[in-house]
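This is the structure I want to talk about, given as structure tokens.
Read from first to last, the chains carry the letters A, B, C and D; within each, the first residue is number 1.
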Amino acid sequence: MSKLTPPLPKFLRPAPPRPSEKEPTPDIGEPNGKPGRADKLRESAGEGGAQVIGWLDERTGTSPFLRGFLFRKVPKGTNWFYSLGSATMFAFVSQAVTGVFLAMYYNPDATRAYESASYITNEVFAGELVRGMHKWGSTVMIVLLFLHMARTFVFGAYKYPRELNWVIGVVLLVLTLAMGLTGYLLPFDQRSYWATIVAVNLNASAPLIGPFLADFLRGGAEFSSVTITRFYALHMLLIPGLIAALIGAHLYLVAKLGTTAPPWLRAEKKELTKEEI
Amino acid sequence: MAENRSDKNRKPRYTADRGMPGAFEGETVTRRGFMTGGALAAGGIASAAFALPALGFALAPMFTDGTVDRWQDVGPESDFNPTAYVPKVINTDPGVGEAGKATIYVRKFDPESDKPSPSDGGSDPIPYVVLSTRCVHLGCPVRYYQAPKRFVCPCHGGIYDFQGKVDGGPPVRPLDRFEARVTNGRVEVGERFSVNSELRRFSPRDPSNHLDGLWQYLYPARPST
Amino acid sequence: MSKLTPPLPKFLRPAPPRPSEKEPTPDIGEPNGKPGRADKLRESAGEGGAQVIGWLDERTGTSPFLRGFLFRKVPKGTNWFYSLGSATMFAFVSQAVTGVFLAMYYNPDATRAYESASYITNEVFAGELVRGMHKWGSTVMIVLLFLHMARTFVFGAYKYPRELNWVIGVVLLVLTLAMGLTGYLLPFDQRSYWATIVAVNLNASAPLIGPFLADFLRGGAEFSSVTITRFYALHMLLIPGLIAALIGAHLYLVAKLGTTAPPWLRAEKKELTKEEI
Amino acid sequence: MAENRSDKNRKPRYTADRGMPGAFEGETVTRRGFMTGGALAAGGIASAAFALPALGFALAPMFTDGTVDRWQDVGPESDFNPTAYVPKVINTDPGVGEAGKATIYVRKFDPESDKPSPSDGGSDPIPYVVLSTRCVHLGCPVRYYQAPKRFVCPCHGGIYDFQGKVDGGPPVRPLDRFEARVTNGRVEVGERFSVNSELRRFSPRDPSNHLDGLWQYLYPARPST
């Protein structure tokens, strides 16, 4: 501000306009007739929505990020195989949502678990559907995960500078399989029970750490009332928390490093270079 | 004309008029717009396909009938009289152990003093007055004192009279009641129901729900009851 | 590449150096004697660590972010009150960790909940401590949250452009109180039981939506075996998930918009401006 | 000298020598470095204060004695003979309902054929041979067939002979056994224990843990047993 003329005290000066309050640039010409009522409504509704979005955008600065993310350049040759990663994530989200709702009825007690699972299936509205989605969705997720991994491997998308993302993906694979293992016990029928016994004893067969690993999973030396709550806690809290965090890191790296072109296009490019010579 | 005006003020209707390269004649939606819309719609349908059943699954108990259609024996007719309440224990949900047990107060119906009777339209009055101990303020258990013939709630001091009507404190309506009948000389207790201050009968409501005057429309019944 | 001289085929050319493999700039002079063994070890260990960090940094690009985050400029007058937000988050993390471990033993069944809570307290190693941390930690978190909110209010830090962060904070407050409510039922003693009955009936007292809200919380018209699993699912999955996501948004906005100076410094600045005139 | 060399090659030891403004004499750590270190140390201590007990809480079952010190009656002595196994059901954990029940096979000890006996050092041999049905391959339940006098596991075809020793298939050691004693003419079953191929006695181990030769050191016992 000028220091020559004594200015008004600050509280008397008009506030500088906030960015959102600037005069709207009149890109819509003055209407030459009275606007129709419907038009006016539509316009003000649109403006209201734009104002809300503008208000949010001004405070969060998401629009440059969103523009960069949604309209980013992708390599030539990007095809349907590139959607396998998103599909896997969608499967995870579906598992998370159905899982939260199943937890509202499920009871991780050795004497009540089977009963509550059958209550979900037979009594609750849409229970069979939701439990089925969770059960078959787990298989779908693992199939999609392996397909996504195969795509990455075959297209060579694990190479520099994407090694770290491959490593994170492998950890996600292991965690997803651990979800399958811990979830298998929860219906607590004969199949669940014996499959878990066998799986825990497989863990016990590792030299040196095996017995400790099995004891950790069982919560003691024998399969007891603690085992099923422990599997439930791993299935609901520990492993999904880790998976969600690692999916975040995985996506961050994908957004940062971009995707690769399919190998056949890279080969074409190489040949083009040779022909140019 | 409004049509002309909006044509002038907005983007041209046809993509060809906007000078887009490769626009087809008569095309009104850009291909990018179409793909975006299609992807959003497909994603929306896919999300709804699993989110809606899951939501219904979680919210279903709000719309299902919670009443249990069974009669529980609480003792022979000789246990009860019209001048004093007798506490009895019934089981509202066998699945939750101790928490499923509820105390009720039972006495014989007295045609002289019990007017009006909360009967179901034109049917006979219920032969026993069976009161729930759930205070209709916030659900604490009330206790009956014989000397003043009053029910008192320990939590916030609600007081009910001998008929279960509010006598003081915060409760909003009389104590809930239960259906009762006599079979082979034994008193049996059935479904819970709520009453308003005139002892008019309503479907079972939560404590704290008013049932008088216009209030009854602000606290709707469960859909299936 | 030059198109005049025929270059080697690509696979015969030496690979261009990756950024991490560039010659290290010799800021350490050539040693004039043989390096001592311990020194050498120390140096190579340091270099190894630096190489791992460099490898990660090259692929993730975290160091500019971290530098910006850790060495950002804060307003003059930033004081201990500004740590209340971090303290609240630390309390949440502590609740999450102890909660995951408590879930390994806790059984949300009306007939077993009290038993399993007393098993945790009396039988498991450090159980009393961990359960105590979770129980008292919840109070600590709510106290810290209110202090953080009071700091924000008194310092005027909710004003433009930080309104959205205040709104998120208020939602976090409500969710944290909901955690307190849902967690209170879980030990399933008389106090828990009646407090929950009263709390659910308080919810039922809202006109129009009240009865539905109460039915949703109870999972039916009466307190039943579903109520406690439902409270457990809300306490463990739905609400903590929302809280974690909103804490992320809250922190993003704090990092983006920065912190405010205390009001007395802003007042000083105003006076300075006046004096300058 | 190494000291001189490192002084020359690294940053000067004193902050004053590095030309820092406001450095004190003899100061070796910058104030920023000290604050950073202090904050990290305080944060580390605070995190450890809640993370370590929580971890111990979660991992404690790995280090606690899982054996149950109680004797369960399985019937009178007249039920059993040395030539055939009788199946009996005991309860290993009453808290888990059906899942806590386990079948065991019991027969009388035969001093002629049962050599060596898995006795505890110099004590008397256990008067009854009580075999666990838990296959030591991966924990499936084995079944006894009288005709071939063999135990067969349905999961992966493990076969054990009349003494419980491995006769074929993947199992790594003989079937686990239980302590047994006779009290007032009734047979009582006690703690589980494991044996290796020479029937030497070990603390109870998981299935799939080898106990012969050097293997036994690769599969440690639980710390408290």
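One rule holds in what follows: a residue touches a chain if its C-beta (ideal position, glycine included) is under 8 Å from a C-beta of that chain, and two chains touch if they have at least 3 such contacts.
What you see is a predicted model, and the numbers here were worked out from it, not measured in a lab.
Trainee: Compute the shortest path length in steps from chain B to chain D over the network of touching chains.
Mentor: Tracing touching chains, the least step count from chain B to chain D comes to 2.
Trainee: State the pair with the higher C-beta contact count; candidates are B-C and A-B.
Mentor: If we tally the C-beta pairs in contact for B-C and A-B, the bigger total goes to B-C.
Trainee: Could you put a whole-Å number on the gap between the CA centroids of chain A and chain D?
Mentor: Averaging C-alpha atoms per chain gives centres 39 Å apart.
Trainee: Between chain C and chain D, what is the separation of their C-alpha centroids in Å?
Mentor: Averaging C-alpha atoms per chain gives centres 37 Å apart.
Trainee: Specify, in ascending order, the residues of chain D that touch 2 or more different other chains.
Mentor: 58, 64
Trainee: Listing for chain A: what residues touch at least two other chains?
Mentor: 101, 104, 219, 225-226
Trainee: Using the contact rule from the top, write out all pairs of chains that touch.
Mentor: Pairs flagged as touching, ordered by label: A-B, A-C, A-D, B-C, C-D.
Trainee: Touching chain A in the complex: which residues of chain B?
Mentor: 1-2, 5-6, 8-9, 46, 50-51, 53-58, 60, 64
Trainee: Note which residues of chain C are touching chain B in the complex, please.
Mentor: 110-111, 188, 193-194, 197-198, 200-202, 204-205, 207-208, 210-212, 214-216, 218-226, 228
Trainee: Tell me, which parts of chain A touch chain B in their complex?
Mentor: 28-29, 31-33, 35-36, 39, 90, 94, 97-98, 101, 104, 124-127, 129-130, 133
Trainee: What part of chain C is in contact with chain A in the complex they form?
Mentor: 3, 6-7, 9-10, 18, 56, 58-61, 96, 99-101, 103-109, 112, 116, 160-165, 219, 225-226, 229-230, 232-234, 236-238, 241, 252-253, 256-257, 270, 273-274, 276-277
Trainee: Could you please specify the touching residues of chain B with respect to chain C in the complex?
Mentor: Residues 58-59, 61-62, 64-67, 92-93, 95-97, 99-100, 137-140, 155, 204-209, 218-222.
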